[in-house]
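Report on the following structure.
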Amino acid sequence: MEEKPRFLSLLDGISVILFLAAVLLVFFYAPLERSMGAVQKVFYFHVSTAWVGMLGFFVSALMGVMYILSREKIWDMIGFSSVEISFIFFLIAIISGSIWARPVWNTWWTWDPRLTTAAVVELIYGAYFLLRQAVDEPRQKARFSAVYAIFAFVSVPLTFVSIRMLRTIHPVVIGAGDPIGGGGFSMTGPMQVTFFFSLFTFSVLFVDVLWHRIRLEKLETMMNELRLASRN
Amino acid sequence: MIKVRNLRKRFGHKRVLSGLDFQVAKGEITALLGPNGSGKTTLLRILSSLSRPDGGEVYVGGYQLPQEADWVRERVGFVSHQPLLYGDLTAEENLWFYGRLYNVSDFRQRTASVLEMVDLQRRGADLVRTFSRGMVQRLALGRSLLHEPQILLFDEPHTGLDQDSVRMLNDVLLHMSEQGRIVLVTSHDLAQVANLASRFDVLSRGKIVASVKEEKIDLDRLLMFYREAVRRRGGERL
Amino acid sequence: MRNYLRTVITVVWKDIVGEARNKEILTSMLVFSLLVILIFNFALDLDVQAQESVTAGVLWVTFTFAGTLGVNRSMASEREGGCLDGLLLVPVDRSALYVGKALGNLLFLLVVEVIVLPIYSVLFNVNMLVPGFLLVVLLGSIGYIAVGTLLAAMSVQARTRDILLPILLFPLAIPILIPAVKASIGYLEGYPGPWIMTWLNVIIVYDLIFTAIAVILFEYVVEDWS
């Protein structure tokens, strides 16, 4: 197994720097929002982790297709690692959303579309882990995960649409009529910059963590094989 | 003709077949012997297209697996550890079901003649769940022959059969072989196959380790041959 | 094409004959459904007012649970006696096997629904025989069974067998459950057509997409069936 690639170490460094920069931007560059105050700043991380989480789930569905077509173990590894990281990112999104909601709507949780969809999505991918755990044979595990990941990702837009067609109190920041009325806000220039920078940061962070996770998985597989070989 | 070269198959980390070379010709009954866990069932499942090989070349009846699996399935009759029969259906219904699936042209008539061949013609309308082990095995045999396959793969078919059924099974197998079909039988019970087969291959720890061709082989000789082969490979004794 | 159809019909025939004989799947689905309705009756304290607003929800939860039961048993019966091996040995399209199983499962669920709905009508003095509502029941069942059949094929090969199926199925069924309940309410309470249509569209899209995906992916779930 190769040593940690230099590019990965570089990426680690870049991720840390980007993250620090993003924090600085959020707290010192982006202006204080008029109606919600400081807590609105959670938005930058909240949306970023949610979007990147969704990206990860898309990747896992893509990996599913790749695995079914080629049967190479690497696709399964990437897919599985991707789901793991996205699961956490999404969890961060839900929790940060909760933190944001408390002062603004005076409740920790609401059954509005986006949050509800997020909860359902977490359950779907939680089930993914249970599925993997319930299947022992590695190739069957990979195949089932691939099939399920495809189903899971395809269901997300439909789930969102269904839930959204019910009432909403979630702020519709992007593409809405009257944003303030629903607890939303429109983004000024510096806010937009901060937002997109945060998005970029979390994307880089995702790739960095994913890369580490895949390496970890490979090492673990190698270790298992060595262990079994020594036993024989 | 069955031709296998360098066949590899593993389940998880366990290598079950490790570079297996194997050939089966028609016109003779081939017995595949080996201790439990040697890979006999795995090999048969691969040959019948139920399992996919991890590597190597597998040709059954001239068709390559897994690419040409459907061609193979048309021509293979398989008897496994499990009966592959539905308990809630009658014997007839089971055979009709498979007959229809295999696109057997006159499946009702064929069902009737198959039932007669395995001496179950009087139990055709009875539910399979009421059958004894021996009867189930006989019906399973019939099921495998419905579509008149060219290649017969039987995994431990003698297990649980009484003497009459064993005789009937052997008669059928000999008849099939004489008709020029390929007949491959696995067994861990040498006594059963000593009288039946004319070619014996020993499978141990994932490879064919010995092979002998002899009609009506003496059981003691077979036993010695078998033990020697397994010992050489370092496997367990029967 | 003829072979495909023949396979599908033969598989459905086999499931019907087997079920007609011991009625195991149907009776357990039916009894379970009635029990669920009973429990809901007490848990939600359904007086006449409350009933109308929760009828659709109660019924769909009932069908969801019954559907899970049926789909699970149907696949499990293929596992007994190693029967799925038998099906896989035949030179037929795996997707035809899927369609056959799914149709059989759908039939069972529809039979249960056809029995449960009139009973519900009588028990709670509500008219369930509204044509639009029955359409929703049909369309909703189709999508649910389509996904459930494939997931059951997976769960039946796994270790935590019986509990795994609902865990996999329920979250994936939400995009059909919500519209089904909404559209049901729409028809039962006489909401305007266009409103109902928006929900119906989601159900139809779900049915089409997921049935297509399931038909394509089923063979990967049953290859190397162990």
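When the chains are written out, they are named A, B and C in that same order, and each has its own residue count from 1.
Note that a contact is a pair of C-beta atoms (placed from the backbone, for glycine too) under 8 Å apart; a residue touches a chain by one contact, two chains touch by 3 or more.
None of the values given here were measured: they were computed from a predicted structure.
Taken as a contact graph, with one node per protein chain and an edge wherever two chains touch, the assembly is complete, since every chain touches every other chain. Relative to the whole-protein C-alpha centroid, the nearest chain centroid is that of C.
Set side by side, the interfaces B-C and A-B show unequal numbers of C-beta pairs in contact, with more at B-C. Centroid distances built from C-alpha atoms place A farthest away from subunit B. Centroids of subunit A and subunit C (each the mean of its C-alpha atoms) stand 32 Å apart.
Note: centroid distance subunit B to subunit C, computed from Cα atoms, is 39 Å. Between the Cα centres of subunit A and subunit B there is a gap of 51 Å. Across the assembly, subunit A contributes residues 136-137 that each touch 2 or more other chains.
Within subunit C, contacts with two or more other chains are made by residues 223-224. By the touch rule above, subunit C contacts subunit A in their complex via residues 147, 150-151, 154-155, 157-161, 164, 167-168, 171-172, 174-175, 178-179, 182, 198-199, 202, 205-206, 209-210, 213, 217, 220-221, 223-224, 226. Residues of subunit B that touch subunit A in their complex: 11-13. Of all the residues in subunit C, the ones that touch subunit B in their complex are 3, 6-7, 10, 13-14, 17-19, 21-22, 77, 80-83, 85-92, 223-225.
Those residues of subunit A whose C-beta lies close enough to touch subunit C in the complex are 68, 120, 123-124, 127, 130-131, 133-137, 139-140, 143-144, 146-148, 150-152, 154-155, 158-159, 161-163, 165-166.
Within the complex formed with subunit B, the residues of subunit A that make contact are 136-138, 224-225, 228.
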